[in-house]
Amino acid sequence: MVDMHPKKRVEIVVEAPALHRLTDALDRAGVTGYTIVPALAGRGRGGSWSGEGLAGDAGRMVIVVSIVDAARADAVVSGVYAVLARQIGVVSVSDVAVIRADHF
Amino acid sequence: MDAGADSTMAGFLELAAQNILSPVVLFFVLGVAAALARSDLSIPEAIAKTLALYLMMSIGFKGGVEVAKTGLTAQMLKTGAAGIVLSFLIPVLGFHLLRLVSRLPAVDAAAVAAHYGSISIVTFVAATEALRGQGFTFEGHLVAVAAIMETPAILSALVLARRYAPSAADAREPIGPLLREIGLNGSVVMLLGSFAIGWITGPKGLEPVAPFLVDLFRGVLCLFLLDMGLVAGRGMRAGWKDLSAATLGFAIAMPVVSALLAAALVPLTGLSAGGAAIFVTLAASASYIAVPAAMRIALPEARPSIYLTLSLGITFPFNLAFGIPLYQALAAFTVR
Amino acid sequence: MDAGADSTMAGFLELAAQNILSPVVLFFVLGVAAALARSDLSIPEAIAKTLALYLMMSIGFKGGVEVAKTGLTAQMLKTGAAGIVLSFLIPVLGFHLLRLVSRLPAVDAAAVAAHYGSISIVTFVAATEALRGQGFTFEGHLVAVAAIMETPAILSALVLARRYAPSAADAREPIGPLLREIGLNGSVVMLLGSFAIGWITGPKGLEPVAPFLVDLFRGVLCLFLLDMGLVAGRGMRAGWKDLSAATLGFAIAMPVVSALLAAALVPLTGLSAGGAAIFVTLAASASYIAVPAAMRIALPEARPSIYLTLSLGITFPFNLAFGIPLYQALAAFTVR
Amino acid sequence: MVDMHPKKRVEIVVEAPALHRLTDALDRAGVTGYTIVPALAGRGRGGSWSGEGLAGDAGRMVIVVSIVDAARADAVVSGVYAVLARQIGVVSVSDVAVIRADHF
Amino acid sequence: MVDMHPKKRVEIVVEAPALHRLTDALDRAGVTGYTIVPALAGRGRGGSWSGEGLAGDAGRMVIVVSIVDAARADAVVSGVYAVLARQIGVVSVSDVAVIRADHF
Amino acid sequence: MDAGADSTMAGFLELAAQNILSPVVLFFVLGVAAALARSDLSIPEAIAKTLALYLMMSIGFKGGVEVAKTGLTAQMLKTGAAGIVLSFLIPVLGFHLLRLVSRLPAVDAAAVAAHYGSISIVTFVAATEALRGQGFTFEGHLVAVAAIMETPAILSALVLARRYAPSAADAREPIGPLLREIGLNGSVVMLLGSFAIGWITGPKGLEPVAPFLVDLFRGVLCLFLLDMGLVAGRGMRAGWKDLSAATLGFAIAMPVVSALLAAALVPLTGLSAGGAAIFVTLAASASYIAVPAAMRIALPEARPSIYLTLSLGITFPFNLAFGIPLYQALAAFTVR
């Protein structure tokens, strides 16, 4: 059996033009890594959007997933919140277990 | 109206008709219609991005090759200076006009104004195609002028926002990195880089790549305009409710105002008739790629549903169908 | 067999050989072979979608330009009517044939039948290329006929399913929105939209975009057929186990039956030899883009592994390699 | 520290042709938003699929992620189930915490 | 109300060239299915990467999501670990609830 | 130096200058510059993949058509054999050279060596373009030789790794499936498949697809080299810190050593001056698509930041700018 270690999975849906600001905030908050996933389309309180046909970044969202230490989760969410407060985006946090704890 | 103006009017109408029935405009119309009818017709994002890059590569390269033929001239510097002045000035004008006629909050007005100060490369391209169809030529360095005019408007708008909407546009966001980001924007780099390569290699360098960069250009442009029509149509459907008659009117009046302003500067630049038409069109065009992305960072409180709908949903189609022949007619006066 | 039939047979064999050794067919074969050998060769989804749109744009535009030359004729309406009749009728025939020879459940049989009543644009295109290679021309309005024939078959199949498989195809799903969805399907809109634009602008509009829409066509077609070969080969590998000898036989017999039916209607349409070959090929072709997607909505219980494998994995290659010269030979009889 | 609020994260793998039906069902169930993520390939009981090379929607899956209020989760899953019962797809629900509760 | 059944959601960020090895390991571990999601870019301890412009597989990551029975989760994670031990990748496991338990 | 060498040197410098100022090289430089300046200019992954496939399709097809003209000759087999020998041999040489001059662990050294034994198709293409610009022709079968040279180097490197780094390259990983995977690699299949199709259809088959496969080639190549520049620049920025002066030196010395080795074999192959230049360039080129992916599977402990930076960040630009004219000059000696 492989040993599992509890961590937090932070998932952020963020508008594409603000992506660099967000990853900078993650870097500053000391996360060990993140992965960026494309989004095709969506709907929120601000209406619906679709990336189809867009030649530029405005009007498109991407998703950033970062697995972080529980001890650091608060700081990460605060850092993310500072960026996202003025941007379009959604943040959710869940419990996960990982192998290779030294990785995080 | 005297006979001259009469024939100008007739000429304008013919130009306009010819323009509206060109494949480029018709594909845009097809895109809008498909989007409004909720067809699932769509161009994948990766393709849309690449089509945009291709257009930059092509017009940059061709512009550079033209400049290689003529060499650097004083005219270029003068036109560049005039472009920068317009890009700074138009947002100020636009902002106050918008505040005068509508009840748009200052931050939205500043963001909208930035779009009209900056330029739209596809409008530029559509104007060059219309001109070429009539046998006109234009100065190659206008490509570089287009690139130069992208950014100053953003600076202007930020200054306006900090003054009139201090809470939304506080000074937290340093302006330097933002301008660097915009200046190193992929499409600007592609445009100026290809321009430089065209300049370096000259006509000899264009020859082997001409089947790709020159011959395909108009067909690719049709596909890109179909895509723009789809995006604009989708935006119209979604953004309609946020717009008032005043803002709609602005989206048609403002390009004409900018065009008049640019026309006034034409005599100082020494541009040819074709070049003047392009220059006036640049001033009248409104950004829909670079500036919206910049506004999401610099003025996130400003609503994209307003500035994108005005720029891409109203002004772009207006310019494409009516503006281009109008600006051409206008420019014809200035170079007599 | 008399001498005429003999030479027809010899002519057919030569046509078939020439067809099979064309780059278009060979690239399809390459794709199938690569997929069966489990190579990781693949065309990104965004590219495959765009290649399909490009083909629609090109054949639509070129068809419209042809119609601009000839104007609207009674022949068009007659051909369109014949096409609609076939699209409604073929599924009924196919359904009963399939039920007769195989033990396929009614819902699967109805879904398969829908594919054979509708059409495949790439088969259409491959037929036009084969014809052009032999110096034949064909009526431009057949592009519109192709678009019209896409949908009726779906309606037919739904009626069959509701009758013979009432539990699977209950009336919960309203048929109106479904037909609207299919009619506004991206590829249909692209095809008809480009057709309309070609019609409006005529040959003068085609000229500047010809390097893109005309000259590149055959090369792009090769790439698209490579892609179709890859998808078909992947489908063959996966779908094989769900198929019986009877369904496999159906996938080869049905297009021939449809072709005969279409050939019988040709004299009513007044089509030229080239046009007749295309019309017969359309009837014989089976959909693999629009109808599968429609079936996932309208008859979700029907198994894609059956209808996709039959349509794309058996009938399409059969038509590409053997059907096209066969239908051409068949059509030659009808217009004598 | 940022306040976190418990929500449910609904993740639906659905065949592309049924996407609109699914998002309509989400709309009817009153979700405040969702984000659509592309899928490249996959395997299920029905065999494997890949989106590569596909020019059409049939045979391709997409993923819809929606963060919903716990009180509404049941209704959402029921609404989704009504659509998915006849289509190809997989639904999973997990616990998450979000900032900006007013958003959901 | 729809019945929900507890399962585990295994999410694996893996370098693209090792994808087939990973899905083979999942097959061997007896998972009933998985879905592959593209990743655009990311950062880890080994630095940052981006898929943009890459014509080949090296240097790109993808994400594999598999919902598995809790009873099988250990075996799955072990199987995955055996592959990933030598490759670049991150594995996380979380609790989810699914409808249609027979599916897994 | 005698007069002949002098004029050779002058000729080389002229070639080098001409090469560096070609659009192809300049677009690569633009890409590197944009990446180093942290511009967000980028080509979507789907497009980059497709551009690479297009290049394979085009050179494969054109090579096959050439072979269709000449038929199968003994020269082909001899060149193929020489290519295989080089692909096996160069990694052994490279590995020991690298271990001699640097302190790189054996597993990293083996992985790097594999890249230099294998080949880079874009370097091949750039060399053919440079030759064509000077009116040289080359043997079409070199395309097949290129494909054949991709794989043996990997085998060589694995043997080296198993011998010198047994813990990293244990025998757990069976070598057969790995070689099959590499041999059925999408780009190899596209290259050899298009080669076969070109061979089958001959010049008659090329004609209809020439506007796509031939005329666009150089323009597409520019776009692809822009992309390679962007990726290389990004890699340079990230990989720099893992490199030493010794490994950097290796990345420039090794291609020259390989070129000399290949030049020594040229007389045995009977290649023309153009063909010899291509053959020498192939030997000197280093893989950056197929081998990196294979190494991630076969030698996962080896660091991509080292082998990718050396191959794509140093050797590729060196070959593109200086190597190609150098190898051409070198080849000119061997065929006298």
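A, B, C, D, E and F are the chain letters, set down in written order, and residue numbers restart from 1 in every chain.
Definition applied: contacts are C-beta pairs under 8 Å (C-beta built on N, C-alpha and C of every residue); 3 or more make two chains touch, one makes a residue touch a chain.
No experiment lies behind these values; they were computed from the predicted model shown.
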Ask   = Looking at the contacts, which chains touch chain D and chain E alike?
value = A
Ask   = What shortest step count links chain B and chain F in the network of chain contacts?
value = 1
Remark   = The chain whose C-alpha centroid lies farthest from that of chain A is chain C
Ask   = From chain B, which chain is the farthest off, judged by mean CA positions?
value = E
Intercentroid distance (Cα basis), chain F paired with chain A, Å = 39
Request  = Indicate the whole-number Å distance between the mean C-alpha point of chain A and the mean C-alpha point of chain E.
outcome  = 18
Note = chain E to chain F, mean C-alpha position gap in Å, rounds to 34
Query = Using the touch rule from the top of the page, what residues of chain B touch 2 or more other chains?
reply = 42-47, 49, 211, 215-216
Remark   = Residue ranges of chain A touching at least 2 other chains are 37-38, 94-95
All touching chain pairs, where touch follows the definition stated at the start = A-B, A-D, A-E, B-C, B-F, C-D, C-F, D-E, E-F
Ask   = Okay, in this complex, where on chain C does chain D touch?
value = 42-45, 48-49, 51-52, 224, 227-228, 230-231, 234, 238, 288-290, 292-297, 300-301, 304-305, 308
Note = Contacts from chain A onto chain E in the complex sit at residues 1-2, 4, 7, 9, 23, 27, 32-38, 62, 67, 94-100, 103
Contact set on chain F toward chain B in their complex = 21-23, 26-27, 30, 33-34, 37-47, 133, 211, 215-216, 218-220, 222-223
Inquiry  = Which residues of chain D touch chain E once you look at their complex with the stated criterion?
reply    = 11, 13, 37-45, 61, 63, 74, 77-78, 81, 90-95
Key: chain F-facing residues of chain E, complex   = 15-18, 21, 46-48, 50-60, 86-88
